[in-house]
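Read from first to last, the chains carry the letters A, B, C and D; within each, the first residue is number 1.
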Amino acid sequence: MIILMKKNATQEHVDRVVAVLKEHGLGANVSPGTQTTVVGILGDKAKLGGLDIRLMDGVEDCVPIMHSYKLASRDMCPEGRKVEVGGEVFGGKKLMVIGGPCAVENEESIMKSALGVKAAGATMLRGGAYKPRTSPYSFQGMEVEGLKLLRKAGDATGLKVVSEIVAQDQLEDAAKYVDMIQIGARNMQNFRLLKEVGKSGIPVILKRGIANTIEEWLDAAEYIMSEGNYNVVLCERGIRTFETATRNTLDVGAVPVVKERSSLPIIIDPSHAAGKAQYVPALAFAGIAAGADGLIVEVHYNAKAAISDAAQQLSLEAFADLLQKVKQMAPVFGRDV
Amino acid sequence: MIILMKKNATQEHVDRVVAVLKEHGLGANVSPGTQTTVVGILGDKAKLGGLDIRLMDGVEDCVPIMHSYKLASRDMCPEGRKVEVGGEVFGGKKLMVIGGPCAVENEESIMKSALGVKAAGATMLRGGAYKPRTSPYSFQGMEVEGLKLLRKAGDATGLKVVSEIVAQDQLEDAAKYVDMIQIGARNMQNFRLLKEVGKSGIPVILKRGIANTIEEWLDAAEYIMSEGNYNVVLCERGIRTFETATRNTLDVGAVPVVKERSSLPIIIDPSHAAGKAQYVPALAFAGIAAGADGLIVEVHYNAKAAISDAAQQLSLEAFADLLQKVKQMAPVFGRDV
Amino acid sequence: MIILMKKNATQEHVDRVVAVLKEHGLGANVSPGTQTTVVGILGDKAKLGGLDIRLMDGVEDCVPIMHSYKLASRDMCPEGRKVEVGGEVFGGKKLMVIGGPCAVENEESIMKSALGVKAAGATMLRGGAYKPRTSPYSFQGMEVEGLKLLRKAGDATGLKVVSEIVAQDQLEDAAKYVDMIQIGARNMQNFRLLKEVGKSGIPVILKRGIANTIEEWLDAAEYIMSEGNYNVVLCERGIRTFETATRNTLDVGAVPVVKERSSLPIIIDPSHAAGKAQYVPALAFAGIAAGADGLIVEVHYNAKAAISDAAQQLSLEAFADLLQKVKQMAPVFGRDV
Amino acid sequence: MIILMKKNATQEHVDRVVAVLKEHGLGANVSPGTQTTVVGILGDKAKLGGLDIRLMDGVEDCVPIMHSYKLASRDMCPEGRKVEVGGEVFGGKKLMVIGGPCAVENEESIMKSALGVKAAGATMLRGGAYKPRTSPYSFQGMEVEGLKLLRKAGDATGLKVVSEIVAQDQLEDAAKYVDMIQIGARNMQNFRLLKEVGKSGIPVILKRGIANTIEEWLDAAEYIMSEGNYNVVLCERGIRTFETATRNTLDVGAVPVVKERSSLPIIIDPSHAAGKAQYVPALAFAGIAAGADGLIVEVHYNAKAAISDAAQQLSLEAFADLLQKVKQMAPVFGRDV
């Protein structure tokens, strides 16, 4: 951390800052500039405990020069982490494509969607059982019965399955029925849930919050990893901006930034970013072209009749077309599907 | 809800939409415009179930014309709701001013802060026991021991106390030790937690999420109210924008909008919006001037040494000055303190 | 336009609205709903002049159902418009790739950059002569001397040239020396400049403002087109959001939205969105994958020594690599380079 | 400026940076930290010219520690600047209240509005003659005829007048007919216009761009001041965020930030921020409470029939009520009206 002194800071101010650092077992490197003096802290700033140097007289600001996450950083694992889910690997050469309906609605529906998703060539099956809905009067999901049906559809098709949980007491059931859990955008900073998921060791997709920076997202991943669970796959799904033509704004630039700063795999959710089925393929291709390790796409065997998020779910035909083009793109970027 | 047909929609498209509405027990009122045809739905659109009319051929878009919240709406209680906490009332003539440290750190600290807050004329005492922190390596709060100390400080000073919970299993302890709980910005859409708080009946401050619209905020209040708990006080604490000079951007316009659309009391948290102590008074005064029912302000008896959020906590002197000026302002707006 | 009446609107309110519409030569189609009455306007709402129906008693809101742009809309030219610049065509099968330095700095520099850009396979050359800079103390560009050098470099390499203007009195010089002009993000709503460019008939790249919606952008294009100049190419260059890891957030979803709503060609500027050279290729590929008609990329023969925007300019080698990969991607999307 | 070296930077990298600084006549202060080395630059970094240190091998980032504006800074004029317009002073004890219609529509209208505004106790009269409109098909203003009518209304009532210009060739006419000009949000970074206004010496209200940071705004003021015109009054009018309940989000926190960083007076435009007349008073009071030096409010003698922005214009009665309350508030904040 670097301390910037105010323009009108006195020598006494600077001396006091240096003295305080020493009291806490830290060294100081004073750089008297022509306009402002800068004090570099030598040693681990954690030694300061709760002391906020910014509040000392004569101090203008403190500039952090290190990330607060460690396990999630690229430095800790320069070659990149791989996350294995039942034989399939996120972060390898192969692009992972997860497809399935927004919500598990009934057995016939999830089974038909699973068969179609499998036939199109997807790697995994998704389906929501616990749905976080903006209004309490909207359909809230089939809960544990939904997980069981999802498992059944996965077993019938040989697809591994992933589903979202929204509270820690759902973790036990999820562990029984799914291969991977998802933490949704609204829970990215539900730190208690993150810790419990960390303790469980279950592979997890961690979606970015709609108003969270990439740094906060990696800090959230750190919550899971600091409990011993390194099986974290990041998922960019669009951020909230002033533009309303799409449901959210896909931050495709997050892909190269995450690849530079973090060792974790990253996939793209084009469905929630687009909000409308007709924009989904363009965003999916953009994500892959930017270097993502895979996709998670909402697909429904009878898209127009889906109970939730109908507008953004692809039909099986549209999903098959999308995958076909992803297969053609992959070699250009040194990947396969 | 209103259905807008596409410019090139045919009579068959319109007829099909009307037929589908009828199949679901709804009436239709067709308005053939010069450029586009509009179909108004007669009846309760909930009868449509999961059917998304937007996906029908010839349909351009659907425009909702009603809010999704009911209990939280102004219509349901035009005179405004009042929330009582141990004899003090949010939503009445008296402005409620809550003061206290970001976190309960130890007995001496919370006691000194409580005494100072009381002396300045505050109505209630705040203090965090469960701290949601961006990084897992930051101080996470004293948990239940913090609640006990807060209760002790409240009893010693006669101040009612409020503290944040971040998970449902903290609710039982909170019910024992505090008079009011707070749901923080990060948990505004933690719907499970909202429902549990709804069942508990405990008065609650519901902070707005940093990227949530006013409509989503009122939907979150509806989650609590739909479980039977009408003791909800809204708290505007700044939203995330591109501006970084302040920690967040206080959306002071939310005050008149909430007053128009909802019957719930609304208070302002100038501390988290400002992020720096020197901007806190200006934001506090702005909130009161805009019509808020009160303030929740971070105050620490020894602000510069606070363990968390030190930069934004007011000293006892600064807090007393702030309250002094609020007292002078109040009569202009028909309020007292 | 549709008029939504308030829930408590009386029959008199509705009758008065209908009467006012009739006074202005418009028909009305009244849909009495269970919760609110809706009045559809029959006829051209321009007949209302400045009358704002929203202000009438009993009216809740008015919902526009048409875009305000006409010439820029997809409806007016469903097959898509093509913009020709000296034999090269934006909006056809061929992807247009424009490369060149942020600013023209001197003859040697622009000539070396032009030769490298040409060798890499670019279609056009860019170079700034009038630089809009945030601070008055930054380098402001070589102005007309810069345009002359750009022309010289274009003639030497056979590349058509494009350069930004920031004021209407620069239009005459620009017309002499460049083949296409650029309106930058800061001037997207400089309506006088847009009109003058419209009158000039010169092909123009219209960049999206950093805080402007797609609808406002198309309205800005309409300003140019309504003066008779249909040679408008849109350019998405990133919008301003809360994320600071990249200079701006590339709104890659704008590509399919523009393709749906407008007939105009659209290209991507990955350089200003990224702000750092290492992120530029990922954003460029994402733009092409999303369906853009081309790219405009900052390239400098000696990138590290560039006078302005050094951090985001590609070296000639990096630009050649980028173009190589774009060539490989193009056939997957039915394009060539 | 401070240079942060990469974690893996070698001694050679550091030595090279120091050598380059010396070549440019600058000193260097090297602070070898435990995790990263920091190099402070001694001397005026302008000596670096266009050299971007960030591009040197081993360099992670450069952190600016000074604002780029000088004349607009608080440091240059700690007591605050005053801007006089025909005897009235912005930045003194007296709150300045400017009222008037969005647009000058005809003589009767502006005259009636002026009389009402005067009667209510306003200090100055506003009225738009050159209107920047999103769509080319909207009313564009009466231009110079509007300026003449505004002058006439000002003379008749004894009110000084202010009006917006949107292009430099309007400056000559404006100089003839108005006492103060306004640069609107869309032109905040129209640097050519800013410079011309700077040369003119005419007092100017500089509105903040809807997506511009406070730093960029002060840089824009610097453009005007660097040409010798110090008569700049800043105006906060709301920024663009994801919230749509109000037209823009009034950044009331900008008031204390500007007061800290800059010596320029700042006023609030509650009308454009609110977008609806019923929210205007709350935002006006909030602005004054936050410490603003005045208000600019849209008022129309027959608000419901106004040609443009009808929804947000106050009636004369509502404006008089607003002013009445501002008068009551003023003494609390050491001001008068």
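One rule holds for everything that comes next: a contact is a pair of C-beta atoms (placed from the backbone, for glycine too) under 8 Å apart; a residue touches a chain by one contact, two chains touch by 3 or more.
The shown structure was predicted, so the numbers you read here are calculated from the model rather than taken from an experiment.
The chains in contact with subunit A and with subunit C alike are B, D. A centroid comparison over C-alpha atoms places D as the chain most distant from subunit A. If you average the Cα atoms of subunit B and of subunit D, the two centres end up 31 Å apart. Subunit B and subunit C have centres, each the mean of its CA atoms, that are 38 Å apart.
With each centre defined as the average position of its C-alpha atoms, the distance from subunit C to subunit D rounds to 26 Å.
Residues of subunit C found to touch two or more other chains are 211, 240-242, 244. Residues 2, 4, 7, 29, 31-36, 38, 40-44, 60, 63, 65-66, 75, 240-242, 244 of subunit B are the ones that touch subunit C when the two sit in their complex. Those residues of subunit B lying in contact with subunit A across their complex are 46, 49-52, 54-56, 68-69, 132-139, 166-168, 186-187, 189-193, 195, 209-211, 216, 219, 222-223, 226, 240, 303-308, 310-311. Only residues 211, 213-215, 239, 241-246, 249-257, 260, 273-274, 278-279, 282-283, 285-291, 325, 328-329, 332-333 of subunit C touch subunit A when the two sit together in their complex.
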